[in-house]
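Next up is a structure, given as structure tokens.
Note that the chains take the letters A, B, C, D, E, F, G and H in the order they are written out, and that residue 1 is the start of every chain.
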Amino acid sequence: MSHEFQIDWQRLQRTHVPEVVLAEHKSAEQLLTVATLCVERQQSLFMTRVSADKATALESKLPGMIHFHQLSGTLLVAREPLVSPVDEASSEATEPAGSNVVVHRAMRVAIVAGGTSDMPVVAEIEQTLLYLGEPATRYVDVGVAGLWRLLELTEKLSGHSIIIAVAGMEGALFSVLAGLVRAPVIAVPVSVGYGVGQGGHVALNSALSSCAPGIAVVNIDNGFGAAALAIKMLAVSET
Amino acid sequence: MSHEFQIDWQRLQRTHVPEVVLAEHKSAEQLLTVATLCVERQQSLFMTRVSADKATALESKLPGMIHFHQLSGTLLVAREPLVSPVDEASSEATEPAGSNVVVHRAMRVAIVAGGTSDMPVVAEIEQTLLYLGEPATRYVDVGVAGLWRLLELTEKLSGHSIIIAVAGMEGALFSVLAGLVRAPVIAVPVSVGYGVGQGGHVALNSALSSCAPGIAVVNIDNGFGAAALAIKMLAVSET
Amino acid sequence: MSHEFQIDWQRLQRTHVPEVVLAEHKSAEQLLTVATLCVERQQSLFMTRVSADKATALESKLPGMIHFHQLSGTLLVAREPLVSPVDEASSEATEPAGSNVVVHRAMRVAIVAGGTSDMPVVAEIEQTLLYLGEPATRYVDVGVAGLWRLLELTEKLSGHSIIIAVAGMEGALFSVLAGLVRAPVIAVPVSVGYGVGQGGHVALNSALSSCAPGIAVVNIDNGFGAAALAIKMLAVSET
Amino acid sequence: MSHEFQIDWQRLQRTHVPEVVLAEHKSAEQLLTVATLCVERQQSLFMTRVSADKATALESKLPGMIHFHQLSGTLLVAREPLVSPVDEASSEATEPAGSNVVVHRAMRVAIVAGGTSDMPVVAEIEQTLLYLGEPATRYVDVGVAGLWRLLELTEKLSGHSIIIAVAGMEGALFSVLAGLVRAPVIAVPVSVGYGVGQGGHVALNSALSSCAPGIAVVNIDNGFGAAALAIKMLAVSET
Amino acid sequence: MSHEFQIDWQRLQRTHVPEVVLAEHKSAEQLLTVATLCVERQQSLFMTRVSADKATALESKLPGMIHFHQLSGTLLVAREPLVSPVDEASSEATEPAGSNVVVHRAMRVAIVAGGTSDMPVVAEIEQTLLYLGEPATRYVDVGVAGLWRLLELTEKLSGHSIIIAVAGMEGALFSVLAGLVRAPVIAVPVSVGYGVGQGGHVALNSALSSCAPGIAVVNIDNGFGAAALAIKMLAVSET
Amino acid sequence: MSHEFQIDWQRLQRTHVPEVVLAEHKSAEQLLTVATLCVERQQSLFMTRVSADKATALESKLPGMIHFHQLSGTLLVAREPLVSPVDEASSEATEPAGSNVVVHRAMRVAIVAGGTSDMPVVAEIEQTLLYLGEPATRYVDVGVAGLWRLLELTEKLSGHSIIIAVAGMEGALFSVLAGLVRAPVIAVPVSVGYGVGQGGHVALNSALSSCAPGIAVVNIDNGFGAAALAIKMLAVSET
Amino acid sequence: MSHEFQIDWQRLQRTHVPEVVLAEHKSAEQLLTVATLCVERQQSLFMTRVSADKATALESKLPGMIHFHQLSGTLLVAREPLVSPVDEASSEATEPAGSNVVVHRAMRVAIVAGGTSDMPVVAEIEQTLLYLGEPATRYVDVGVAGLWRLLELTEKLSGHSIIIAVAGMEGALFSVLAGLVRAPVIAVPVSVGYGVGQGGHVALNSALSSCAPGIAVVNIDNGFGAAALAIKMLAVSET
Amino acid sequence: MSHEFQIDWQRLQRTHVPEVVLAEHKSAEQLLTVATLCVERQQSLFMTRVSADKATALESKLPGMIHFHQLSGTLLVAREPLVSPVDEASSEATEPAGSNVVVHRAMRVAIVAGGTSDMPVVAEIEQTLLYLGEPATRYVDVGVAGLWRLLELTEKLSGHSIIIAVAGMEGALFSVLAGLVRAPVIAVPVSVGYGVGQGGHVALNSALSSCAPGIAVVNIDNGFGAAALAIKMLAVSET
């Protein structure tokens, strides 16, 4: 079973985004095979939807090369971990305590999330963007049921080039945001909800049916795809 | 086929709402039978989802007793038509020209609609409320893509006891409204939309999945049901 | 991850219902953060859909402040637990033994449930209403397959201002009840059933399609939403 | 195209129900071919879901042999039309005028329908039963929103061996009926409804999910199938 | 929580089928309450969809009164267990070894199943019929992929008054059977299958859409309902 | 709008099947453009799902070059029409009158259809196979409700290399056929049915879930695809 | 009914895209009201999904001000029609006859469509982009069944900043394109297809599930939304 | 329970494919019964979808006769295990190290898979083909996001008679492959994906809706069915 991987090394050059491994349906053994291949070639590799068990299995075989981020389920195979600007300087220095806003000055991408239940997807976006060299600002728990929270942010949001909106339940955040800002809004529906909202399909369909034009929709829980799309959008200005 | 009707005359006493005929799946002949029965008993009867063709057929057989309202598709069998307070006094007197707001002072129920495409359902609600003795105020074209329109109304809306929200597409209006007002919000999803929004199911599911608590949801395009529910809610305070 | 919460303290004033935390998709760590915040501010906080594991984790960190109600999955962060009137006086004193009816004299809200499988949702409604200051009367196991049980209750039900109907399977209870009483009926579909009934969608769609007008529908298993809606309906009479 | 029919003449002997032609998806030309075949063999043939246009086309080619029943969409190819007992004797003689009940004394099968919108399916059942030699009693417009109408019938219904229940919308009639009578209930969901109820799937799923045991369900609008099943049930007692 | 049960003791008299407890969504504590109630009243009680854990919990509290049948998940609360005729006399005496047919001479009901994966549902039907006093004959593993198995049974099947057909996957068994026999066929779709067949919906829809008339369909995996329906059909001949 | 077509002339060489135009969603003007292009290049072109209106429009502009087959909705742009072997010799010579079987001796492909409602799809398969140089034998109206019709054919069917099975409703024909013959079975679900069977999805899912292995499934009503697949299968033996 | 419109004039400034009227669910009378309003204010207005009938009605009332584009169903209310660069210069001059490629040199946006059936949506994108001041290049009939057509375009496509991909059926075009180019791909699923592909949901879900990262998905047939998103993406580089 | 199996020993002769046991919904006890039956008759038996637990249970009772293949979940009951040609000779001898291609020279069937997540289904196909006497060549990780991988294989693929394509997510591989090769393509959708792609339905529907003609589709994850179909296709050439 050892010859089954064929990594698309040219993908970064061809499409602005390198090949990333979706680990969810792969066995720990398969992940180890491809990780070892990268270590041997001295190439870094990024994985998404990695369970804690699989991460542990990888760490035991490739000590020091595996950097797992539990909340997001992302994993980096590399000599060095990802370092966020906000991990270097204390965010408390720039924002009052208790704030739900983690600001990185001069960030081009903002992540806006309806509630704390969306944090795993928010984290996948953040980690992917970090891996792709584009740290972002995060605004969490600004759902439309308390609209003032979002309205207060309007001016701040106008300073970002791209807004990634993350919401489950009914996904009303997507329409409200897209009606307020000039930046393109990338909608990431989240599988948070129950009853008819279970699985995130309501949030997805709300994003697709929005009466506010110009929303770019990605699959449910697809934080990686949203980050990749943001990178491609930013590159438009550089071509 | 003439003996098939059995009207529930006691329903008004039993449930606060009289029997109303859903005409959509009934033939003109069936509607004529029941309308004649009411005329003979000198009882009024209200019908919903009546096509223009069926209305014409009824008018030719029961001249003077049929009052059809085309936009809403409602029809009253009675000696006198429904009269709206706003039809008696000019609305231009109380509101500047070009306004999208038709105000009836002291109305307890407000109807708030996302767009003009929702007008047939808005009209069904208005006509049913009129028939039930409860004229309402209407605010149309205040969808969330231009949020300022709704925010400007917040104070006015606080003067109403019950808000009936009408929206198709993604139905974000329901959540935004319910987060802004104290009155109970009755959500009427409308079958306006295309693609995944076709048929109104996205708006319906958004209302049901809303992160704003306390929304009362009715079936898609069910303007009659929303009006009936409003009447029952208002009656709570009178018991 | 500690700055991600932004509680909507003004929601009670703005909408008649305070912010309540939906715990299902949040981690124990996230719940602890927000609970601690409330303890520090000497504010109470109510949570729904809390698992026993998460409740235990909270209790170990905030001893004496966590009041978990297992059947309903609700949890109160406060100095004192909720006290039901029926817990104070013996219900046996007012009703013969073996009865399925727990009567609180003078209660405005009645909860009517088809079967004992619906008890977790019934309990979520009861606990939420208690938290919101509105204890209710409960009638359980009165499904339509044995219609006499419901018919016997008709007179008793007429003494309540609002009926919250709770049913899974085919949800025929909603239509039958709404045809019998003057009070508005809030329908809470329950995810009890199998085959085509699995997940509660049949009960939900029955409530929405009911031929009995004036039913207010909430999401499947949404006991909290039903309670919040009841509170808002009762407040109509006080404005 | 003329050799494509192969009628299953033995089906009556083999299964208690003769082959019946479902005309909906067949062309007028195809129907004429098979009707001519039967006329030549001096065999009668029954068709369902025949449009008025196709019936007219058949009548013009086989004058005197085509007996079309418009409301039900059924058509008999035979020398003589079907004659209902109720067409022979006046029903007014046995029931007061204005009644919704058409009684045939000593009928074994009763058809109970929620509303007059269900009449086309009721008529398909009646005509099929007539063709199969089993005239039935009809009770229409006894939906559960006015429950007293059904309760008043309980004793009368106990005199029938089999109950065919016909309902659209939420189909609560099926459960209520099955909880009241000893006879097996055959549930025929009808494609009457709108929004989530459109197409009859809610009524179908309600019948399948019913908490009242022993309901025999057939496809939406399948009046013919219900009649055939009733015939087979009655034959159980004769074997 | 102890007063929530209200057993419908009159259901047997009213509908030919006694109240049976669907245990799936009830807690062991709830089941114990109702079982104790029956023991105290010296009434037997039958439960379906009981897990092994819940059965063990009941047995520990009501020793000697609990008779659990693991394969079917049914449980009888009574002094004596159910005894099948086939358990008394050896079936080997009447059939050659290795046969898949368990014959009870003179049985009125036959159960025909497509494959051995359907055995849990077959067993629920058998146990329920035994409880209702109507032991049945079982024919298993006669799916249509090896049609000769079914054709060989045709004559034997003609000796039964009612056929209960049990099948998952595509459910072709229902149509083939109904085209071969005079007895009414009760179709029980089974949640056996994968991909598009997962959950049993394909088998259900095949039964409902069958081109063979006169099939009585029940919910997926609803062995109890099929048995109850068979009892009601047999009673038709006795009225 | 005239430059939008880019015909894949090499497709026949590359894949064994030439490019065929799906006319359903194209305008008459678009079809004329591509037909004219082919006439100019002296290439034949085959179209499927052509309406009579569009065919008439083409015939008026390209007289003598358009050969429309109404039942199948196929259209050939060429100097000569397709000629079926059965059109040349009288089929009556080889089969008794009244037969539903049209035999072409030595044909490799057989088309077996459940009912005459399936004829438009059967005809699309026949015409496409003719165009591709592979005339077929047709067996119609052999649905499983009268199983003897199919069993009588078993030996004849064994003489064909490939069986294309065509069925709507519940699609039981696919499983029964695949259990009887050695040839691969191509299942073509047909959008014939109503209620849950509407649109052909039940037949499709039955084919996919079949317990008989080795069925090749194509899209609903996709007669063209089935014919193309048969051609590719036959070519396997020639490589 | 005349006061129901409230145009969001500030939307262009706020979000980079002006308010556009979705005409599909609005009456001709409603469209006339809003068009007249714009004419009076000397503002242009763009409408989508306008039927030919409604366009004719508008033209008769506002002669000279209505510019209807039939293929796309778009309509401009203004003194002057939209003028495409390609309408000014002959496209034949820059491309050989018979080409499916309409090149506008130096265009930033490319529209790539799988087949000619997608032309109405392609045209809606083109017209909207023209209205928004961003004419585009069109490549049609390059579906993946003839992959060489797309591969030949790869270099040309690399000269565009943004690719709008338009496809119905299975929507494989989205993934193939996104794997070949650096520009962000906006996927517009089209309601072209039949059977399981009917309505465009398969193409939509393919776009959302694509294994090629960075695809921005919009609703089925939402050409306007794709154009608006492209405009917002291009504006990123200008902020 | 021991008499419930009735193996269809003649299926191989009748249909080219022997009876194979689908173990998923059968108990270990049931599997042991049928395995013992085969051991006693000295017949081999093949099972699919066997869990590791059930395999272990079988091995403990029938030591030496049970050959379990974990990745594919297949199990052979026989004296000897299956031996792949590639297990006998080293594949490294014919292909450079690190290759994802396992070539068996002169193999008639090729298996082409989009990604390594598809390996369990690929393995089920390989093992089934081995059991049926037809070892195959495997090409894995050639998804369309890196199209060059597939294009490089085009010539090699032309050497195979049948291509089995295996893909989850959006299933674009099916269309691309079918447009490139002459051999018939059997599409096996895989339940790999999340959000709208969860469960494999998107890949299935893409295969069915493909614009490339001549794809033979089987159920999601149905590796066994694909192998059986390949065998039947190959047999066409031998008849």
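Criterion: a contact is a pair of C-beta atoms (placed from the backbone, for glycine too) under 8 Å apart; a residue touches a chain by one contact, two chains touch by 3 or more.
It should be emphasised that the depicted structure is a prediction, and the values quoted were computed from it without experimental measurement.
With contact taken as defined at the outset, chain B and chain C are each touched by A, D.
Greatest Cα centroid separation from chain B: this falls to H.
If you average the Cα atoms of chain A and of chain G, the two centres end up 29 Å apart. In terms of their C-alpha centroids, the spacing between chain B and chain H amounts to 58 Å.
Between the CA-based centres of chain A and chain F the separation comes to 48 Å, rounded to the whole angstrom.
Looking at chain G, residues 11, 145-146, 178-180, 195-197, 201, 204, 208-209, 212-213, 219, 222 sit in touch with two or more other chains. Every residue of chain G that touches chain B in the complex is listed here, in rising order: 1, 3-6, 8, 10-11, 19, 22, 24-26, 30, 34, 37, 49, 189, 191, 199-201, 204, 219-222.
Taken in their complex, chain C has these residues touching chain D: 114-115, 143-147, 169-172, 174-176, 178-180, 193, 195-197, 201-203, 205-213.
Those residues of chain C lying in contact with chain B across their complex are 11, 14-17, 20, 161-162, 178-184, 186, 204, 208-209, 212-219, 222, 224-225, 228-229, 231-239. For chain H in complex with chain A, the residues that touch the partner chain are 71, 91, 95, 97-102, 116-117, 119, 140-142, 145-146, 148-149, 168, 192, 194-198.
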